[in-house]
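Same chain, two partners: subunit A is paired with subunit B first, then with subunit C.
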Partner chain A sequence: MSAVPEPTSAATGRSRLLQGNEACAEGAIAAGCRFFAGYPITPSTEIAELMSEMLPRHGGRFIQMEDEIASMAAVIGASLGGAKAMTATSGPGFSLKQENLGFAAFTEIPCVIVDAQRGGPSSGLPTAPAQGDVMQARWGTHGDHPAVAFCPSTVSEVFELTVKAFNTAEALRTPVILLMDEVVAHMREKVALPSPGEVRVVDRPRPSVPPGEYIAYGPPPGAPAGDDAYVPEMADFGTGYRYHVTGLTHGKNGLPIGPGPEAEFLVRRLSRKVEKAAPQLELNRNELVDDAEYLVVSYGGAARSALRAVRLAREMGVAAGLFRPTTIWPFPFQAVASLAAKVKGILVVELNLGQLSLEVERAAAGHCPVQQYGRVGGELMRPSEVLDALLRLTGRKV
Partner chain B sequence: MGDIHRYLREYYMPHIWCPGCGHGIILGAVLRAIDIAGLDQNNVAVISGIGCASRATGYVDFCTLHTTHGRALPFATGLKMVRPDMKIVVLTGDGDTAAIGGNHLIHAARRNIDITTVVFNNSVYGMTSGQYSPMTPTSRFATTAPYGNLERPFDLCALASAAGATYVARSTAYHVRQLTTYIGRGLAHKGFSFIEAVSQCPTYYGRRNRLGAAPAMLEWQKRNSISIEQAKDMEPAEREDKIVTGEFVNQTVPEYTEVYAQLIGRLGRQGESR
Partner chain C sequence: MRRTEVRLSGEGGQGIILAGIILAEAAAIYDGANAVQSQSYGPESRGGASKAEVIIADGEIDYPKVERPDVLLAMNQEAYDKYAPSLKDDGIIVIDSTNVTAGGTPSFQASHVRGGPITGLARDLGREIVANIVALGFLCAVTGVVSRESLEKAVLARVPKGTEDLNRRALAAGFSAAQAEASRV
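Take a look at the complex of A and B:
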């Protein structure tokens, strides 16, 4: 008899009934995550619990740190040691992680941060869903910085986007946020997990030159002249490449610099490298948009109600469609802009008082009216509420 | 003893430290201890927080990581977890480690993770120009203690010991040979080692408290230091203004990353036998 529970294994190649948080842990292991540091918080805790069980079985390591600040720090330290690393939290913990999240963005250390959003602000509604951290995922840490955030609506999408989060973090050398919500984190659905060979796994670009020629934050060898959006090659600590990593503004050799063109170049390059990759990151799971006259924009758990409302509207003869971005940062600006030019109105459905709707308004640029339907009391909106809001937008009597 | 210049990024000099700052003496002791220990330069990571002391990482030629204020230990913990073969040294200030990073200190000590921490204790926030720190003695002056400090300072070595650090020692910039020895023992120790190095900040702490220039402050360290044995025979009131130097703890306790490696081994064997 073994003294420990039976192993769960990543990507087993069969269908399983999984909770969103379980799918996240499975996706992480499948993507090659071998380090997790966290601090328990509802509704993300199951991820830490699963990682504590799965990681040592895969030769990885788990640690429960003293708080979320320390968890974020440990994840960055582990990533510098060459491990794919993740942490998971919810609103209060996400706030605590912000300073070190900015450190990871500025020093270009790949890592994945899961935020299972719950009702806020402050301690809010720990067991209830919300999407109030959308702008925090974009602008939560100080200073100009790039942001990448993915929003799953289904449990299988949690698996898929967790893998994508690791692959993106590695390819772009940047922190990636998996922005879940309590609905998606705690809901159970049948998921067909791919077998290990079927999961495409990306590793960070490692040095192609010997230590003597390595310039930690210089362009990779072979980058075109004048490349201002490059991703530098990253050496694991302890492999013979000695270099400096600092949250101070730094030059190509990694050492601190003062104000001037080199500082300007660095901050701009970091944003450009993510902007340049935006078309590849964009993934919109749309329904019925081709002939739509009215567009519903929704994401995450809220999009489940929105989809139902769109179908109900179609039954009533309203040509509605759902635009559902799974990559919310960078925001799919062009896609929304071109749809806004075609439709008569847009309804943004989200569990907040208007966050992603601000981006939609910017993209729509006055081409059509944009309204927002939000809920902040910890209850997922019902399809009928969304339908009513949609009908109001069309001018029909509700 | 070899030449410690090979551990310096001389191309990045001049450094930011003021003339007479004790931090350079302490960094020299760290580098000598690393040299004497014969560590592989490629396999040492030096990690710091924020402050004058923490700027040390920029000047030394190892894998260096200059993190956020107070957080060097959790960054170091993550690295050590995935690279248990590496020698991890944390260089930090008294504010960095005892104020904003105090919680991380006690938990790193509690886990007994194999990290050598050297605290450059100048009793003040040097980098932000002289505010009081948790190590500023009562009634001393600082820019935020214009009427004298009302708070009581920590005994950092007692704190680290109580939290579970398995090697704990204190010395001063003046006693640089003793300090080098203690740092060397910390490096050789398997587990969480903690060395408090009393430093001087003539620019802010010295000037505000009329302690004179750097030589006078080093003289003060010499005059006011007593050994653990001497301290035993003194009344608490007599000890108040003294720096107690020596080794407080040196014990063998299972180290965290080794314990974790055993877990991985155990689970692996169970997998095979199934």
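Take a look at the complex of A and C:
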């Protein structure tokens, strides 16, 4: 693929009214994405449309595949070939991608999967928002595997977190999920995107040894002895480094192995490499939390409503604060645990019947009551509804 | 903080969402305010209810949706009947009198309703498709939510090449109709 020395896009460097999906495509290009395979689906379609237009201009490739399963497979192939690769979908397609997503996690192939969540289950409400895929982003594919998922609440955050998704995927050699929702995907906001030189871009670790010495899934040269969370160096297919890639449990040389300590080591190492990076991945954008007596936990589109409700509560004399994780997987367990020990109650606001609230309950560990306020009819909850739920938590009459 | 909530409503195919994008760009890019635009629509490409919302503020916009509009544009009767009751007490409704008959809702004053034959004016220009731009001109003249100069820049930046003159005339027709209507009130 040829490098085209033109600016990332005309959109960078000045204020524009941009849709969340547009910001995602801009972020992908800025992060170095040069391959997209997808099967367009509302509310993510604009990402595919824009990538089909932008990628050829940046020396990349766009391919519309026959379905979501094949798109995910093509993304994996492109990444093995050395390209930063992405696909975008919504719930129905996210379900189909799960098998290959697990393959990418186990074979440590970096890639980015965007899920713009819509009303579900099944075909659900194509043009309406939901946050019903939170647990699927964590546990959608079978087996113990690491998961990384980012949740933007604003259009400028979509750009920022798309770049972070690619950088994380490359640094950790793992699939990363950008978990948007229809609110954020379709909303247009005024944003000033950074110019290309201002975007920090991370590339995967490539072999520092000649092909004859390369061990595909071994520790990188210079790794400390006993490192059980290392990220192996990754050779581009077709560059003379011959190695085996399989979804079977494999040894350091990539070939299948049977049950035993080596299998145990591999599965644990994959989880550990993400756990070890969790403190650097964690990013909570909180409001009014320092002196809060009641905590609202919310993310993505729902957090826009929750933020307004917290401000309304403050006007009424209720010391409320918003805890808004942008990295939901790995879950910011310690941050929630320490806040739970200080506040009188937690309200989790999300567009589902209780998903991230389960993690919040685990972290709170009985230190304070945790309630969930959810909606599943395809409508973003209104601030007044959240405020009422918050006042009920405080024991006030609503 | 000043926060103005605008809801544009009608049916799919009337250019409601494009009108919302243009209005938001006029406010955010050319007037230098902050703006958020969102929409709701059905799976159809034509027909079905269509709604675009624009929030214009001089600061941060947290909740991105309209709760009670300060300004409502109703391009068909269904949209008028559905959304007129949600108007703020001192809000303004702009109706396309080609398609909409005001009244029937006692909860607000007739003085809140401003109307002109928006679709009719677009037909007079030879292209009914520019009704959304006529409507923006009318709405801008009546409410002043954005400046006329910014609106014109935003329209010309968004419409297809070769249609600039038609759209400029559509915008002017909306403004003139609003001024003529104002002199009658």
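In this section, the second predicted complex is superposed on the first by the 388 of 398 C-alpha atoms of A that agree within 3 Å, B and C clash if a C-alpha of one lies under 4 Å from a C-alpha of the other, contacts with A are read in each partner's own complex, and residues count from 1 in each chain.
The rule is short, and it goes like this: a contact is a pair of C-beta atoms (placed from the backbone, for glycine too) under 8 Å apart; a residue touches a chain by one contact, two chains touch by 3 or more.
Values in this document were obtained by computation on a predicted structure and should not be read as measured data.
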Mind working out whether A:P383 is in touch with subunit B, subunit C, both or neither, as first, second, both or neither? second
Could you say whether A:K344 touches subunit B, subunit C, both of them, or neither, answering first, second, both or neither? neither
Contacts of A:F103 with subunit B and subunit C, given as first, second, both or neither: first
Looking at A:M65 after the superposition, I want to know if it touches subunit B, subunit C, both of them or none. Which is it: first, second, both, neither? first
By residue count, which of the two partners contacts subunit A more extensively, subunit B or subunit C? B
So, does A:V183 touch the first partner subunit B, the second partner subunit C, both, or neither? second
May I ask you to decide whether A:P56 touches subunit B, subunit C, both, or neither, giving the answer as first, second, both or neither? first
Which partner does A:P126 contact after superposing on A: first (subunit B), second (subunit C), both, neither? second
Contacting residues of subunit A [partner subunit B, same complex]: 2, 4, 7, 34-35, 37, 56-57, 59, 61, 63, 65-67, 69-71, 73-83, 85, 99-100, 103, 236-248, 255-256
Of subunit B, residues touching subunit A in the complex: 9, 12, 41-43, 45, 47, 57-58, 61-68, 71, 73-83, 85-86, 103-104, 107, 260, 263-264, 267-268, 270-271, 274
Can you check the complex and tell me which residues of subunit A touch subunit C? 15-17, 42, 126-128, 183, 186-190, 304-305, 307-308, 311, 380, 382-384
Show which residues of subunit C lie in contact with subunit A when the two form their complex. 21, 24-25, 28-29, 34-43, 61-65, 67
